[in-house]
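Each remark here refers to the structure printed beneath this line.
Chain naming follows the written order as A, B and C, and within any one chain the residues start at number 1.
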Amino acid sequence: MKRLALITLPLTLVLLAVSSYLALVVAPTEATMGDVQRIFYYHVPSAWVGGFCFFINFVASIWYLWKRSPRSDALAAASAEVGVVFCAVLLIEGTLWARPVWGIWWTWDARLTTTLVLWLIYVSYLVLRRFSAGQTQVMAAALAVFAFADVPIVYMSIRWFRTQHPSPVMGGGENSGLAPAMLQVFLVNLALFTVLGILFIWLRYKLETAEQALESAHAQAALKGAA
Amino acid sequence: MTTLTVTRTTLLKDLRMEWRSKDAINSMLFFALLVVVIFSFAFNPTAEESRMIAGGLIWVAFLFAAVVALNQTWARELRNQVLDAYRVSPAPPNALFLAKAIGNFLFVVVLECLMTPLFVIFYELRSIGPVWQLIVVALLGTWALVVNGTFFAALSIRTRSREIMLPLILFPISIPALLGMVDATTSILTGEATPDFWIKLLAVYDIVFTAICLMLFETVLNAE
Amino acid sequence: MAGTSEPHPPPVILLDNLVKFFGRFAALRGISASFAPGRLYVVLGDNGAGKSTLLRVVAGLMEPSQGSISLLGAKRIREVAPRIGYMGHAPLLYDELSGMENLRYFAGLYGIPDDEVSRNAMRMVGLDPDLPRRVGQYSQGMRQRLSLARAVLHDPELILLDEPFSNVDVHSARDMAAVLGRVRDQGKTIFVVTHQAALMEDVADEFVHMAAGQIVSRDEVVRKSVNVGSMR
């Protein structure tokens, strides 16, 4: 595990440097927004990884409820934490981009609001994990099901909420007609972020299972000791 | 011995106990009154725009009051550990859940019936849209809060500082429902838009989460 | 092992390497045992020996961390729930309801519609079914009696009692012990976790000693010839 981490971490760092070079220097400057647009190469991949993490969390939680395997709980915990981190990064990037482009830090636009609500939901999941006294795994898995079921409902409700009322958002989706040079850089970043996300989940998962192993070693020692 | 019978007897038992002690309903009523009065100070009730925010005010007040009620859901079952007596019996766990959820629903509906006149008086509210729609929104919205609230209250039994835990996990999940209630109420009060979408959304929310609650309650109840 | 000397009836409880962890603490540390039906077992041991945990696991209130359990021939305890009676350390009663209201509700959970069953259960433990007082105003002794009535209301074959005599005056405790003896004579299997072994000496069939999460010894009570009738 340690050796693998030693190989993958520098590799990821190198890739990160390359992709940043691509995103910040090689990619052409966008016509209307200027350099600010370059945050897009990080922004969309962050969103993708965040969503991916929450999906993993859901699947792992269902698996836990079904099989009661501590490993799937470790995976659920790991993916929720990484997901919350990427989601937080996403929100921060969003405000950084919005300030120069929209002239405001924050707007209650559908996508922003949905992301914020998602972030709140999964923070509450982590809070439950932290505060539970015994049976954390079952409680957390149950909440994860609620959380994931809420995602489409949140999205629907906020989209309706925001399309019904006029919103101060200027500029539409940046996906409308991406230049080929931009698309290439974007795809590289997307791939890299996916690798990064999986790496984080994997490291966090290893830590979690190591903690579980430690706990059960202590427990087994208690079982054998004083016999 | 069907789920329905046990649900009924458990619900009747709870109502009888509540009638005798009046713990939940009294604290909830007083709390709700406080919320209405404090909101009246915080948001000038005579202002023209109060109609625009009335939907939000009313539902936030109901939400706070509901949390007070929800936190008491399992208090009675935990005192003397009576919950264990239910758990060792062959009675279906979902009957217990339904009884508790319906009980909470009744409490909160009673509360809403008593608080609404206060809001109407303090804020001089008149509904421009049809009132029956308000009732539909209130019923669907209340169930949305109460069904998850009852479940999460059961989750928080096994957490430290459980009274704080409940709103922390209930509020984020309830955001779409809350949004629906607030927006639907405002659009009915102002008569400016149709609440149809929100009524459908609340119905979907209710169905989805009631189903999940019933699927998972036994697991949560028996986790020890 | 005394319990295995009678191979004839299948055991009521079969425990195989039962382990229960609370975090790093092992409350039960590998209990394997079998218990024959129709006997009254008294479980003794210090605080923290795992007596209550064992009872909760057997009652199906707790999942064991390791090992397996077989109750009345079933692997899943829920299947045999109607045949088990459990009396917890706490009273397991609603303070705001009267004795009969309590029993009526719990009878409903077992699908018993007949009020007479609840009335009989109250009479059996020496309480008046028509007592209108709420349980909150009961004395400790009355509360424990009512709690016992609740546990045996549905005529279970296996009765698990956790500290039934705590905070009970000696007189009430002796009454309750006698009730237990009579129930056992009807062929039920009873487990009593208690600190007061002396109270049970007249009725117990076997003393089970627990220490540090394990069963350390089992002593069968040799009945005087006068009592032999109750030995089956």
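To be clear about the criterion, contacts are C-beta pairs under 8 Å (C-beta built on N, C-alpha and C of every residue); 3 or more make two chains touch, one makes a residue touch a chain.
Predicted model only: the values in this text are computed from it and were never measured.
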item: Pair joined by more contacting C-beta pairs (B-C or A-C); value: B-C
item: Central chain of the complex, centres being mean CA coordinates; value: B
item: Most distant chain from subunit C, judged by the mean position of its C-alpha atoms; value: A
item: Where subunit A and subunit B are represented by their mean Cα positions, the distance between them in whole Å; value: 32
item: Chain centre separation in whole Å, for subunit C relative to subunit B (CA means); value: 39
item: Length of the line joining the C-alpha centres of subunit A and subunit C, rounded to whole Å; value: 51
item: Overlap residues in subunit B, where contacts from two or more other chains coincide; value: 223-224
item: Numbers and ranges of subunit C residues touching at least 2 other chains; value: none
item: Subunit A, residues touching no fewer than two other chains; value: 134
item: Subunit A residues touching subunit B - in the complex, by the definition given at the top; value: 65, 117, 120-121, 123-125, 127-128, 131-135, 138-139, 142-143, 145-147, 149-150, 153-154, 156-158, 160-161, 164
item: Complex contact set, residues of subunit B against subunit C; value: 1, 5-6, 9-10, 13, 16-17, 20-21, 76, 79-82, 84-91, 222-224
item: Partner subunit A, residues of subunit B touching it in the complex; value: 148, 151-152, 155, 158-161, 165, 168-169, 171-173, 175-176, 179-180, 183, 193, 197-198, 201, 204-205, 208-209, 212, 216, 219-220, 223-224
item: Subunit A-facing residues of subunit C, complex; value: 19, 21-26, 29-30, 65, 212, 214
item: Of all residues in subunit C, those that touch subunit B in their complex; value: 56, 59-63, 78, 81-82, 84, 86, 88-97, 101, 105-106, 108-111, 134, 150
